[in-house]
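I've put the structures underneath this note.
Next come two complexes, and both contain chain A; in the first it sits with chain B, in the second with chain C.
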Partner chain A sequence: MTIMMNALKERIRRKELYIVVVVAVIILALFGSDAATISVEGEAVIGFQSMFRVLHVVVNVTGCLLAMILSLPTIPTEYREKRSHLVWIRGISQVKYHTQLTAANIVSSALAVTILYLTLAFYAITQGAAGYLPAMLPGLLITYMGIAIVSLLISVLSICLPSFAVGLIGSICIVAGIGHGLLDSYKNIIGGFSGTLIKWILWIFPDLNGIQGQAANVIIGDGVDVHVLLKGLLTLYIISLGLLLFRKKEA
Partner chain B sequence: MPLIDRHIMYLSRRRKGKEEGRQIMIKIANLSKSYKGKIVVNDLSFSVEEKEAFALLGSNGAGKSTTIKMILGLVKADKGEIQVKDKKTIGYSPETPSFPSFLNGAEVLTYYAKLQNIPKPEIEETVERLMQTVGLEIDKTKVKFYSKGMLQRLALAQALLGDPDILLLDEPCAGLDAMGRIEMIELLKRLKKQGKTIIINSHILSDIEKVCDRGIVMNRGKLMRSWNQVDINEECTLEDIFTQTLGGAM
Partner chain C sequence: MKIYRILYGALGAALLAGAFFTGDYGLSDENIKIYEDALALQEQVDELGFEQFNLNEYKVRFYDGNVDYVVKGNDVNKEEAVFTTFVGTTYKIDGEYQVILPTVENFAEMYKLLGTAGSLAEGEVNFTEDEYGSAEHIAALWHEAAHAYQMTYYQDEILSLIEGKVSVENIEDVIVSAVDSNEDVVKLYQKQMGILNKAYITTDLSEKKAYIESYLEMETERRELLDEEACAVEDYYEAAEGTARYIESHVYRFQEGQEAFEREYTNETEYQKGSGKYYSMGMLKCCLLDELNPGWKDNYDFSVTLTELLEAL
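Up next is the complex of A and B:
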């Protein structure tokens, strides 16, 4: 736990975390008040439940971006600055080292999302919907799953790939993950090579939108598709195997 | 002191060492390493005895740091063998130490002490003692505000955690001012007296001369020559040995 706690303290000190959280809170506050409106397919979103769903998507997207920003440099920096030397020589295995750094990434990303969730809770209270608050805890836990997938994927890939490639794959993962539902609809319409390509993208990249949708469902009281959550857990498990498989040749 | 007397002293020290049952702590045989076809260490062999200070000399790119990293297991050798005596622990001070910048010196040592599984009740006392040993004050100054010299001292302190038998020091005097260097040399002499086996990689030949008993001169990964204290006298300094050895090879 020593490496994890140390890396976590370092992540929490990063200014990017606070900048993105502050910007996201401002956006949420703007759209949560009457100062700005959101339109979906030309129609203004009105009513608590609809607005809450939209704000929940904003929280999830921001959380995924934060997970990528916070997770991307952790492992490469350890090796670039040769801090890894002083860890390796103490007989700490790569698996343990990388796992603890990854855990720090996930926990710091989860902390950022928790701050964003507090804004959602504040929004619910101001809208006279405090009754939804108890369900926000399981909702938050489900949202953590999507955030953990992004953070874990970025951390695992950063063991063996250069940061640029990891950033690119991470961005594609977030875009494809958030737009999963949309891509799924287009897949059948387009057909041919593009359709097959989208099919592969849907198969490779986890359904982040589906997971956040289930979180919102839990809070609002709609039905939850357990299949989506189980797929999310399976994704987490599969990606985490990368921590065992990927090794650095040299410190 | 006449050369013959120095030689007799050296031989008697070696004999004494053998009588004391001084053992080989690190043995390197036919070690080779290359990166993308470029040979960095080429068929290198040497051994380091217990309680001696051994120097790796050579110009930049000679393969000294790579050799140290191979001994530590940070870099895999392509060929050859590295033997470290059973159950002997190694402390390492890197050339460019980088520590978590938000911690202060004592916190950095505490962090590495925990990684090294030093029992909790001993950590505080150990950290205090080591900070004192290397001449650093326990205060709230974060290491990001430390000078290069202070970082070197802290690097040495973390190398001394757990009281290792062997110390591998990569440029321990780099970045230190004159006073700092004198203090560091004195500290290394003290550690040697305490019975530590020390391997130093340094560019500062006058410092090496003061601390080390023996050493090798490397060039482009190859061992060019070995030297010991007998070779050094008023007419022939370590600098002379170094330039004579590398003069033709550089």
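Up next is the complex of A and C:
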């Protein structure tokens, strides 16, 4: 627990977290005001529910990026700065050490998303839709799932791969995860080798947009697809196995 | 420690089971209903007059993005996809022509992605995303089944319209290069579209015939501007796709009524590049032939062009 708390404090101290959160808040404030309009398929998005869904996607994308930025350096930095030796001499196992560092990554990412969610809550209040606020808590919990997937994947991969490779895989995960539905349809339009490649990418990387969509559904009051949520949890479980399987040679 | 491992393993097993049992597998009920509803229209399609045209003769493959669900009668079998892309077509598989369509869910997804039905609907389906549903999918299914029928019974006849006359593999290229790029041809065609629409709309028989005569005169004039290859491709598209669109549109009418039929199918006034325009013109000619020569489909084998049938009135 001490390892996690220390790691967590350091994550929160990082400047990039604040910068990204500030940028996201500005984007949300712009979209949520009359200062900017957005359009989908050539039609302006109007009405609270439509706009809320768009903002929810923005929150999710920002959260996923944050999760990657925060999680990527954690474990490699621990080893590079030889902090790991202080842990080994206390007889703490690699699994426990990596698990606590990963937990710190996930919690710090979740904190950032919570801040973004507060902006969403503020938007709801200003739009006279405070009635949606109670449902934002379960919505936030579901959103955590997608963020946790990214953070966990990055953390696990950073145990055994160099940072640039982890960053690349993480970026593909986010792009494929956010554009899952779109890419799924696109693969069937283009077909051929590219279609097959996209099919495999979609098979490997989880449907992050599907998960955030369920969170938005919970808040707005639309039906929730339990299958998507269970698949998300299963994905978390499968990636978590990496914490048991992957070891650093140094130890 | 052992108990934690057991609990961890049990959690994984529970999640796996949960994800598995909550998933949707197989062909959705909506697609099965679409197939059954399409079959139920057989008697009404019989009245259109195409001999031996039975939907239940052809297997229908619904492509769900991963595999084909092959439906015939009450049987639904999962098979490897023939095309790993969204297409609406008929294709010879194991010696028989089968209908291939995306599932209705995937079709709707494609609309969302492209704003139209994209390459699948190259002139075939003219609905917007909001309009597309079961009735439209049933109509599309019959459209492709019409091609399966043409290729099963009249392949030689229908291909005789272009065989030996067309030198390129993709016949649509002929339309793009010889028809769409010729301004005079396009202008005349646009006029012809308007005239044929008027012929369809008017209820005065002599007026109808006069419009058709005017159309045919312009057709002769327009064809003089085209080479033999382009004329052959036009004839082929009208015979193959025009009749298929005719069947599709009437299947739509059986389901949605005359008003919806006229709104969606007989208001085509914009010139479409590529082959799409021949779907509409061919269909309109079939409708006019119905009015002026109801027996035109008796022994019709697709070797005679629709324009020739109009000329014979």
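We adopt the following convention: the second predicted complex is superposed on the first by the 250 of 251 C-alpha atoms of A that agree within 3 Å, B and C clash if a C-alpha of one lies under 4 Å from a C-alpha of the other, contacts with A are read in each partner's own complex, and residues count from 1 in each chain.
Please note the rule applied: a residue touches a chain if its C-beta (ideal position, glycine included) is under 8 Å from a C-beta of that chain, and two chains touch if they have at least 3 such contacts.
Everything numeric here is computed off the predicted structure, so don't read it as measured data.
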Q. Which holds for A:E10: it touches chain B only (first), chain C only (second), both, or neither?
A. first
Q. After superposition on the shared chain, which partner residues are touched by A:L141: those of chain B (first), chain C (second), both, or neither?
A. neither
(Q) Quick check on the superposed pair: does A:L133 touch chain B, chain C, both, or neither? Answer first, second, both or neither. (A) neither
Q. Once the shared chain is lined up, is A:G181 touching chain B (first), chain C (second), both, or neither of them?
A. second
Q. After superposition on the shared chain, which partner residues are touched by A:L168: those of chain B (first), chain C (second), both, or neither?
A. neither
Q) Now for A:I26: first (chain B), second (chain C), both, or neither, which partner does it touch? A) neither
Q. After superposition on the shared chain, which partner residues are touched by A:T196: those of chain B (first), chain C (second), both, or neither?
A. second
Q.
Quick check on the output: what are the common chain A residues between the chain B footprint and the chain C footprint?
A. none
Q: Write out the stretch or stretches of chain A touching chain B in their complex.
A: 2-3, 6, 9-10, 13, 81-83, 85-90, 92, 249-251
Q) Which chain A residues qualify as touching chain C in the complex? A) 41, 181-182, 184-192, 195-196, 199, 226-227, 230-231, 233-234, 237-238
Q) For chain B, which residues are in contact with chain A within the complex? A) 69, 72-76, 90, 92, 94, 96, 98-103, 111-112, 114-116, 158
Q. Once bound in the complex, which stretches of chain C touch chain A?
A. 11-12, 15-16, 18-19, 22-24, 63, 65-66, 83-86, 102, 106, 109-110, 112-115, 118-119
